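Both complexes shown next keep chain A, but they swap its partner, so chain B is in the first and chain C is in the second.
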Partner chain A sequence: MPAIDEKTALAIAKLARLDLREGLAPGTEEAELKKLVEEFGKIVGYMDILGEVDTEGVEPLYSPMVEPRPPREDAPFTAAAKDADARGAKGAPGKPESSGDPDASFDPDDPDSSAKEDRARWILDDAPMTFGRYFTVPKVV
Partner chain B sequence: METMEPVIGLEIHAQLNTRTKLFCACPTEFGAVPNTNVCEVCTGQPGALPRMNGKALELAAKAGLALGSAVNRESLFSRKNYFYPDLPNGFQTSQLDPPICQGGSLTLELGDGTEKTVRLNRIHMEDDAGKCLHDEKRGLSLVDLNRAGTPLIEIVTEPDLSSASEAVNFLKKLHALLVRLGVTKGRMEEGEFRCDVNISLKPKGSPVLGTRAEIKNLNSFKFVGQAIEYEIERQTGVYGRGGSVSQETLHFDSEKGETRSLRSKEEAHDYRYFPQPDLPPVEISGELLARLRETLPPTPEEAKKRLVALGLKPRQAELLLERPGAPEYFHEAHKIDDDAPRIYSLMEELFLPACQKEGLDPSDSLFAPPKLAALAKLLRDGTVGRRKAQELFPDFFAKGSDPSEAVRSGNLSQITDPSELLPMVEKVAGAFEKEAKKFLSGEEKILSFLVGQVMKESRGRACPKTSAELMKNHVKERFAGAAKETV
Partner chain C sequence: MTKLHELSLEEARAGLLKKDFKVLELAESVLSRIEEVEPKIRACLEVFGEETRKAAAAMDEAGPDPSKKLWGVPVSVKDVFLVKGAPTTAGSRILENYVPGYEATVVEKLREEGALIVAKTNLDEFAMGSSTEFSAYATTKNPRNLERVPGGSSGGAAAGVTAGEFPGAFGTDTGGSIRQPAALCGCVGLKPTYGRVSRYGIIAYGSSLDQAGPLARKVKDTGILLASVAGPDPRDSTSSSVKTDDYADLAEPDPGKLTFAIPKEFWEGTFDPNVKKVLDRALDLLKENGVALKPVSMPRIGYSVATYYVLAASEASTNLARYDGVRYGHRAKKYDDLLSLYVNSRTEGFGKEVKRRILLGTFALSSGYYDAYFKKAAKVRRLIREDFEKALEGADLILAPVSSIPAWPFGAFTDDPLTQYQLDVMTLPLNLAGGPGLSLPAGLGDDGLPVGVQLFGKPFGEKKLLEAGLLLEKIFPALPAAVV
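On to the complex of A and B.
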């Protein structure tokens, strides 16, 4: 079992942008941290069960998908394709997903574009914070 | 101090020339209204599944084939994990092992006439991040994800370059090749072709490499050159003072012309690559590879050989190859009329200058290759004279007319038939008897005046050579006796 020491746990927390000490009452930090490191070690240790399987001579399996998935045609989304998509009438694998004019995509300046057409608008509306057509986050540099 | 020499390797990002993103059907157009070309996949919504763009795969493989890389029949996407607001998934989908292409090389001609082969380590596919704008006043970072998910290839060289000029030379050659192949549009001002430079110094002749610094995201040939020059000088200075170069990531400030530290080795990312479970391994079939190989244009050396074999002089072949679209146009015309020298000279003297004037690619001209072949035939037959061809060409070129058609309907052809020319010759000789007699008495230069009169009479259509022959004979026949009398 790989040893998860405090240093490793803190490094991983930092990579995940987690502050392990946040919200802890002063004086309890060290004990809490110790507990977290222990729990972390247990989780990783549990995964170690996989290491017991003898994989000698077994090809690495990167994907459980048996059927090959043919790549997509390089055709942009169109209103028609989206409708077809919504109806579940997706083209056969390897066939273009769009039909008709490929440039007839959503026009952001068109006030008549309904929200249903505008996936982008949906996504923006779901964001915690936006400014105009931008997503916003606290300043990063 | 020992003499130090620079060791330079490049990582080039080229945006693949696709209409849609690498894993979703959002358009890749540049300059769209922020966050319009986005969907669940490229904004990293939970549960959205990526699906590979087949065109991107073909273009990446094509780049590898053209650069002599081994194209892996099966390659794998991995997640490269890091956090930044312009990376909605929290990871970049990239390739670690195996990438789509391994190895390869590009050979440079150096200034002193020698060649240098720069080895490639690998070419892999990955998606681009979005863009961040930083709003100082509001303390916000604004994120536009239109670019997120745009397909890129990263081409990684071995550290085989040893100067700024070599690096720039390499980049220019690679850029030209990838654009010619249609792998990338290569618009550097739009960030479609950009470069990271790894650079270190080592004692001359030593096999041991020094600590390297990495200069990130250079988007012009000029900046690459400047950044390398500056960095060589900086590192030389550090060693000269007895210091040591630290492994760090640098940013090149093009306004100040200097490099600045972005992050040190201690702050370096730990990307924790692992296979991307949402994507099956990338497979490329033998048939597809064979088909791609067929679409590869010949190397410049092969192309030159081919043109010379058709009857062009080496220098002519080179001139043709320097102009984008010209060799293809030549071959098309040559298929119809195999008079290579004549097709070449028509292109060189008339067609290409006209294209250049209009800013047209030869393939976009209305005056298509069969039309130039037709004009070559008319010239060879003598149906149209050289001067006439020059005179008519601008009209042919502008309208895309078929010269043989125009000649037939417009009565523009040169008159070579003696029976048609003779009456005009007789008429001129009668009208200019004095001049005709002068010719007989030995003033040969005056013949061109007489021929000129025939040209005038025929409104420019008389064949000058035939007219001159006819005139000579006619004048001798008609005035020989009289000339003797006057002598």
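On to the complex of A and C.
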């Protein structure tokens, strides 16, 4: 099975959007990184015992659910309808929104629904940086 | 005289309905106990003092409502349950300023049943850990011995319940995070069947393994708590519509008609001598009382640590991809572009154990390794579930220890993740199989530290599990109240 070298570890970290070098003390950085990679390799190495198990013809089990529930109808919800539905009829599937415009669900300018406004406000309030009603990120293109 | 905070949940509820004392009196007793012991054990990340007093006074005004299962009862929730308007951190820096605008179904149902949410409890970051030492905010101490860990990841819930801070608590169990801290602190913890309790509004770790459940000082109390929250939820497609039983109405079974499977893979390992002594005594007591103990083998249990850590880490790496510094959570101050915004925010926000598991999961899911790790582990998972099904064929329940060692000193394993993972071998298999498990105290070791045992049942067999729990609670020596 694969030995985890520094190159592999750094490639995996990049996929995971993590920086392994961050926080390591300057001077001992390389030694600390080596230790991290070794520890990671040891953990991955332990997982190799799975190879001992004969799984010929065994189907993977990804979820222990006994009876799969039917998926919800593929139709947009409004936040308010979803809330009311979940609170009102327990166990019943939510009512699909008839107007069909998904953007309408989170329109804080809709004067009819204070629940919608409330939702839009707390979603934006939790964002580290916003501009008007939008999340902001550095320029991409 | 018994103080109100010392009452079991069942006693507290009965006293409230009979108007022996007011909701506010019970709440004040609980809040003053919290104030008294928190400086020593740090079980809570947030205490809702004012809200609790206000709600309690309003309930006294309205008068008792016997239709509500938890009328006036103070309960805590682990800090992975979203509580509207209250910071919910999952024990992580990355969610330091996160204030949810909606509530977990569990919290909503608790309120509907008349419970008072009195506190949010400490945990290992994102519920990843077995000692609560990986919380970014506080070190929770074991109320039986302040030099020792409370177990984890629901360490705050178990420590708080054991210390008398609240009569009931909710935690989550992905690989033993309810059952193991219950055993290490000396209280009762129930992991329901996967799908029995809604996961809506609970911060996800391993979505095919996570399940919310109660902790309390008495078996009966965990039944009442489960009865309050069990059932399908239209907002969680993995919640089950299998009929719920009345978990609050329990009858002690006839020990002569009970058979427990005793799997050698759980019982024949190496144990701390104090733990071993308590476990041997527990088996003797069961035999003396007429319970049949049937030796069985669950041959794939030895692979459950590797199976669990591959699958749980893979699910974690996927679930935690959402923390990117854009929509909520921590955003790094320094970044040059979108990629470095993600990398810096995540690197600053996550702690070392979380990063370790994200890396392992990313590796197991990455192209070239997927079949050998993720898919292979999922196949072994099916075989482990078969081991449970087979062991339960000729027995009512499976009996197993919870931990081979008692609560350990702080720092003993924080730099040795693999040893720490291997210590979880008794609790992880159940989550892979999906069934229910109940952890309860078997007695105190000569070192004064509690030792637990756990019962495993068939999927959705919580009632049978709890009823057998009542019997064990009667047979095993009762633990004294924790002196904090």
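We adopt the following convention: the second predicted complex is superposed on the first by the 95 of 141 C-alpha atoms of A that agree within 3 Å, B and C clash if a C-alpha of one lies under 4 Å from a C-alpha of the other, contacts with A are read in each partner's own complex, and residues count from 1 in each chain.
By definition in this document, a contact is a pair of C-beta atoms (placed from the backbone, for glycine too) under 8 Å apart; a residue touches a chain by one contact, two chains touch by 3 or more.
The structure presented is a predicted model; accordingly, all values stated were derived computationally and were not measured.
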Partner contacting more residues of chain A (chain B vs chain C): C
Partner chain(s) touched by A:Ala3 [first = chain B, second = chain C, both, neither]: neither
Partner chain in contact with A:Tyr62 - chain B first, chain C second, else both or neither: both
First, second, both or neither for A:Phe131, with chain B first and chain C second: first
Contacts of A:Asp19 with chain B and chain C, given as first, second, both or neither: second
Contacts of A:Met47 with chain B and chain C, given as first, second, both or neither: second
First (chain B), second (chain C), both or neither touched by A:Glu39: second
Partner chain(s) touched by A:Val140 [first = chain B, second = chain C, both, neither]: both
Set of chain A residues, in rising order, touched by both chain B and chain C: 15-17, 62-63, 65, 69, 71-72, 94, 119, 123, 135, 137-138, 140
Of all residues in chain A, those that touch chain C in their complex: 1-2, 4, 9, 12-13, 15-19, 22-23, 39-40, 42-44, 46-53, 55, 58-67, 69, 71-72, 82-83, 85-87, 89-94, 118-119, 121-123, 125-129, 135, 137-138, 140
Interfacial residue positions of chain A with respect to chain B in the complex: 11, 15-17, 62-63, 65, 68-77, 81, 94, 97-98, 102, 105-106, 108-109, 119-120, 123-124, 131-141
Contact footprint of chain A on chain B as seen in their complex: 18-20, 25-27, 32-40, 43, 45, 51-57, 76, 81, 83-85, 132-136, 138-145, 270, 272, 275, 277, 279-281, 283
Chain C residues within the chain A interface of the complex: 97-102, 105, 108, 194-195, 208, 231-235, 237-242, 300, 303, 305-307, 309-310, 317, 321, 324-331, 335-339, 341-344, 346-348, 350, 355-356, 358-360, 362-364, 366, 369, 372-373, 375-383, 385, 417-418, 421, 432-435, 459-460
